[in-house]
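Consider the two complexes below, in which chain A is the common component and chain B and chain C are the respective partners.
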Partner chain A sequence: MSEPIIRTRGLSKRFGDFTAVDALDLAVEPGTIFAFLGGNGSGKSTTIRMLIGILEPTAGEIRVDGIDVVHTPRRVRDHIGYMGQKVSLYQGLSLRENVEFYAGLFGLAGAALERRWGALRERFDLAAAEGRRPEDLPAAIRQRAGLALSMLHEPRVLFLDEPTAGVDVRSRSLFWDVIQEEAAGGTTVFVTTHFVEEADSCDWVAFIDAGKLIADAPPEALRERFSDGYRVTVRGGDPRAAAAALTAAGLAVESAPDAVRGTAPGLPPGALAELERLRARQPDAHVEVQQPAMTDVFRRVLTDAPRPA
Partner chain B sequence: MAGVGPAEPLIRLRGLTKRWGRRTALAGIDLEVAARAIVGVVGPDGAGKTTLLRALAGLLEVEATEARVLGYDLRDDVTALKARVGYVPQVWSLHRNLSVEENLRFTARLHRLPEAEFRRRSDALLERTALAPFRDRYAGALSGGMKQKLAVANALLPAPELLVLDEPTAGIDVVARGELWSLLAAARASALIVISTSYLDEAAGCDTLVYLDEGRLVASGTPDALRARVGLECYRAWGGAARDIACAARRLGYVSGARAAGRYARVDVPAARSPGDREVLHDLGALPDVRFAERIPVDMEAALLALSAGHGGRAA
Partner chain C sequence: MSWQRLRTLLRREARASLRDPFTVGILVAVPLLAMVLFGFVLSTEVHGLRLAVLDGDASPASRRLIGDLRATGAFTLVPVRSRDEIELGLVDGRLGGAIVVPPGFGRDLAEGRTPEVNAIYDAAEAVLAGNAEGYVRGVVAATGARLAVRRPASGGGIAVVTSVLFNPTLAGVPFMVSGTFGFVLSFLAVLITAVTIVNERMAGTFEQLQVTPATTLEILLGKLLPMGGVFALDIALMMLAAGLLLGVWPNGSAAFFWIVSALYVLTTLSMGLIFSATSATAAEAVQKTVIFSIPIVQLSGFAFPIRNMPGWLQWVTECFPATHYIRISRAIYLRGEGPLDLWPELLILAAFGALQVTVALRTMGART
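And then the complex of A and B:
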């Protein structure tokens, strides 16, 4: 395992009597997508604002890309990109002028800017919007422009605070494609969302409730711990061959009148290859894998966690 | 003439239009809802969802060829309609400095509910929302999920025939969302429920969906019917590195989109371009690191994606 690119220890924020974030220990591996989940008021945005150095913690340590954010908050800014819940584009300036303004802040200009912005403009389908002012653009396009701007200077770490809130499914899907591409290129992405099914697009999931971490694991590990597990159903073909294959795949097998079913908390190594072999041998067999939904996983995470009244 | 006759649909809209100055928020909506159900209103931000909900609740002056809700004409005096409608706006609008019970009592007074009836109904609602232990707590001090449950309980208290909810579950946790939905499932027996949501699982749980975009009704029908209409095939390719598999799948000429989701890559193939599922499964199975490929039914995300692509939604 490599050194975490984001690390907090005992990170806390109190507003008067109210503890918004309570002794958070986070570790994010470089080049991964880290999902930070929780409901409204759970402490997500407070945490992200501390991580990017715009809110001083009450206690605790933060390191982002080698920088001590608590003591030198300004130094972190060149390393990170940030998109807040409210996209901050200047009204009265065209989108292009906004791009030049932000690029200027990071010393990006000339051919380098054209290359980078050109690629983002195409990826986010913003060519038609370039000459228009943000206030004249639909919310979904503004949101796309906001995400494009946050990655303009090719930051090492990207902080996205609910980038998919209030956007249509199409933009949501595009955002996740881009986020995965950026991570594949080595960028670390720290993203908050209240769409829990989006956890599956990420490498790691931390779930915060009332300021405390109640889950911190890869999505598959949470699924294994907090669900009834995977179900594989085989219909048609020879039921005995199906049962043998599911057993060989490491599943607990039960026979129903119309199908053979197997269950397992996680998909054991080799199980998928076993299913593929079964289908190759039994072309009439219909094999279906049911994965527990993330919403159900988090329902159980929340009901199992000790909750303050 | 007031009230809905036995044969009349609960909602009947023809050419419902709402303009704010030069901006057209609703551009001629036709919609008919015959019986009690949970009707989900979905679509991108700015599609007109909130405007449609407010119109149905009798809160807006509208233009239309026909606009009847519970038998009342939205273009006439809607005072009597409003008494039969429960409306939960997007912005939480209860009284923070009143307790849970006082909020309910306030609503009961507005609707002139007798004390005994108030007791009976509010006890039942507090029980069902699990808010009973918090009846003396200030509403302002409730958690996000509890606030929303109180808002819905409050709207249900006068036993409305139509319950209109504007994104009641936005941003609240999955447990509270589940509780709210059981509340709605119970209320469906006595009321028509119209709800807007951006959660795909909730959209899938509605009896009927209405998809709006740019003030127009793009499609409506049961979730199954909408899924069936979509000319798309969905596949999953399971393997070691799902993100690499998604990348490789995108290079297949007929694939319109692919994304890693946990241990598999989700692959979409437009039906018009598909060489048939056997071939697709074969191609996916031949990608590096793929151990198992399967076709899956079209899900809500794919259905709504296709709807948004067919209309206003811009190509990715």
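And then the complex of A and C:
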């Protein structure tokens, strides 16, 4: 396991008597997508604002890409990209002028800017919007432009605070494609989202509730722990062969008049391979796999996860 | 109309208003402040004006006149020995006026002639000079009448010859023109900048700016300098308008006035940025600006003479950069003074500027 690129220890933030974030310990591996989930007012945005150095913690340590963010918050700015909940485009300036403005602050100009922006413009389908002002653009395009701007200077760590809030399904899908491409290219992505299902696109998921970290694991591990597990239903074909295959895949099998059903906390690659073999041997059999919805996992986490003292 | 609905609306409005300390503060403090301050500054009475007295006669009659002037309570008398001393005191602001009793004053009065006392004012403070002159004339006339009654042989009483420095016609326009720079630059510059950061914060762009490598100083200058440039142009246009339309040109160096004004703008723009950085909404920033402008109008000497205010209030007025800027503005416009005459005021203004820019830097760069 490599050294975490984001690490917090005992990170806390209090506003008067209200504790927004309470002794948070996080570790994010480089090049991964880290989903930070929680309800409204749970402390997600407060945490992200502390991680990017614009909110001073009450207590605790933060290191991002080796930089002590608590004591030297300015130093982290060259290493990170950030997209907040509000899309940060200046009204009255065209999208192109916004790009030049932010690029200028990062010292990006000339051919380097053209090369980088040209690639992002293509990737985010922004060519037609380039000459228009943000106030004249649909929300989804503004959001895409905001994400593109946060990546303009090729940051090592990308912080995204609810990047898909208020955007259409097509744009959400595009966002996640881009985020996964960035992570594949080595960028670490720290993302908060209200769309709990989006956690499935991430390598690691942390749940925060009332400022406390209540779950911190890969999505599949959370599914195993906080759901009734996968359900596999086989209809048609030879029920005995189906039951044998499900048993071999590690599922607890129950027979019904119309189908063979199996359940398991998780479906490891070996189990999936067994189901594929069943499908190949019995073409008449219809195999249906039901993955526990992440929304249900989230609900279960909120009710069942032990709270740290 | 439903009384129940109206009651519901009234209750909500009252609760919302009373739970906002800022609104309550404005509702209670501003009317009280306005009443007290206007009471002090709008009075046409003269209180404790420092009046130099050059008694060239030192006779019982001249002492009587001086005693009567003191007895009014309107003046704090400052004995001087020469006219040079008077002029110096008027220029540096230690004196608000002077009265010169000529040699032979008592003798002339006793012999039935009408002696002339000379009243001298700094007419750059046109309002104050007008008020003070009225008082002096009243006291001198009353004293002259009493002395004439005692000495039936004397017939004429005492005449007052008025001399004014710096604004011989006691014209109000130059006084107001030179003060207007202070009002416009103090109020408008603050108002324009007061909404900039708060608007950016509400739009999300300020947060984005904070995570770029731009330093707080760069962000501050990025806001101050373009706005300062616009106001520098405004100052030049105002100077031209005052000259061409009102016939009021600076008696001193126009370039010096323009430079001082442009630097003063950076001070007021910083104040606007402080309001902006400490406000949650644009409306709150505007409210702060309006409250800030009340003392500018009342206490900075823009319209009402500071030297006519109670002593403690005069000290308060020194806490406003606008007071010093308006003083400099009038000194250049009306008295034609330059950097060598004005360096103490310039230093104070520079100190205010440095302080306000520093506070603006700290408030803008603060991690909440």
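Convention: the second predicted complex is superposed on the first by the 302 of 309 C-alpha atoms of A that agree within 3 Å, B and C clash if a C-alpha of one lies under 4 Å from a C-alpha of the other, contacts with A are read in each partner's own complex, and residues count from 1 in each chain.
In this text, contacts are C-beta pairs under 8 Å (C-beta built on N, C-alpha and C of every residue); 3 or more make two chains touch, one makes a residue touch a chain.
Small disclaimer: the values here were computed from a predicted structure and weren't measured.
Chemist: Tell me the contact category for A:87 with respect to chain B and chain C: first, second, both or neither.
Modeler: second
Chemist: State whether chain B or chain C is in contact with more residues of chain A in the superposed arrangement.
Modeler: Partner with more touched residues of chain A: B.
Chemist: Between chain B and chain C, whom does A:138 touch in the aligned arrangement: first, second, both, or neither?
Modeler: In the superposition, A:138 contacts chain B only.
Chemist: According to the stated criteria, A:168 is in contact with first (chain B), second (chain C), both, or neither; which is it?
Modeler: Touch partner of A:168: chain B, not chain C.
Chemist: Once the structures are superposed on A, label A:71 by its partner contacts, choosing first (chain B), second (chain C), both or neither.
Modeler: neither
Chemist: Would you sort A:275 into first (chain B), second (chain C), both or neither based on which partner it touches?
Modeler: In the superposition, A:275 contacts chain B only.
Chemist: Applying the touch criterion given at the start, work out whether A:53 contacts chain B, chain C, both or neither, answering first, second, both or neither.
Modeler: second
Chemist: On chain A, what residues does chain B touch that chain C touches as well?
Modeler: Overlap of chain B and chain C footprints on chain A: empty.
Chemist: Looking at the complex, which residues from chain B come into contact with chain A?
Modeler: 43-47, 143-145, 170-176, 178, 198-201, 236, 238-239, 243, 246-247, 257, 259-264, 285, 291-294, 296, 301, 304-305, 308-309, 313-316
Chemist: Mind pulling up the chain A residues that touch chain C in the complex?
Modeler: 52-56, 73-74, 77-78, 80, 82, 84-91, 102, 105-107
Chemist: Under the touch definition given earlier, write down the residues of chain C that touch chain A in their complex.
Modeler: It comes out as residues 203-205, 207-215, 367-368.
Chemist: Quick check: in the complex, which residue numbers of chain A touch chain B?
Modeler: For chain A paired with chain B, touching residues are 38-42, 125, 138-140, 165-171, 173-174, 176-177, 180, 183-184, 194-197, 200-201, 209, 219-220, 223, 267, 272-273, 275-276, 279, 287-289, 291, 293, 295, 298-299, 302-303.
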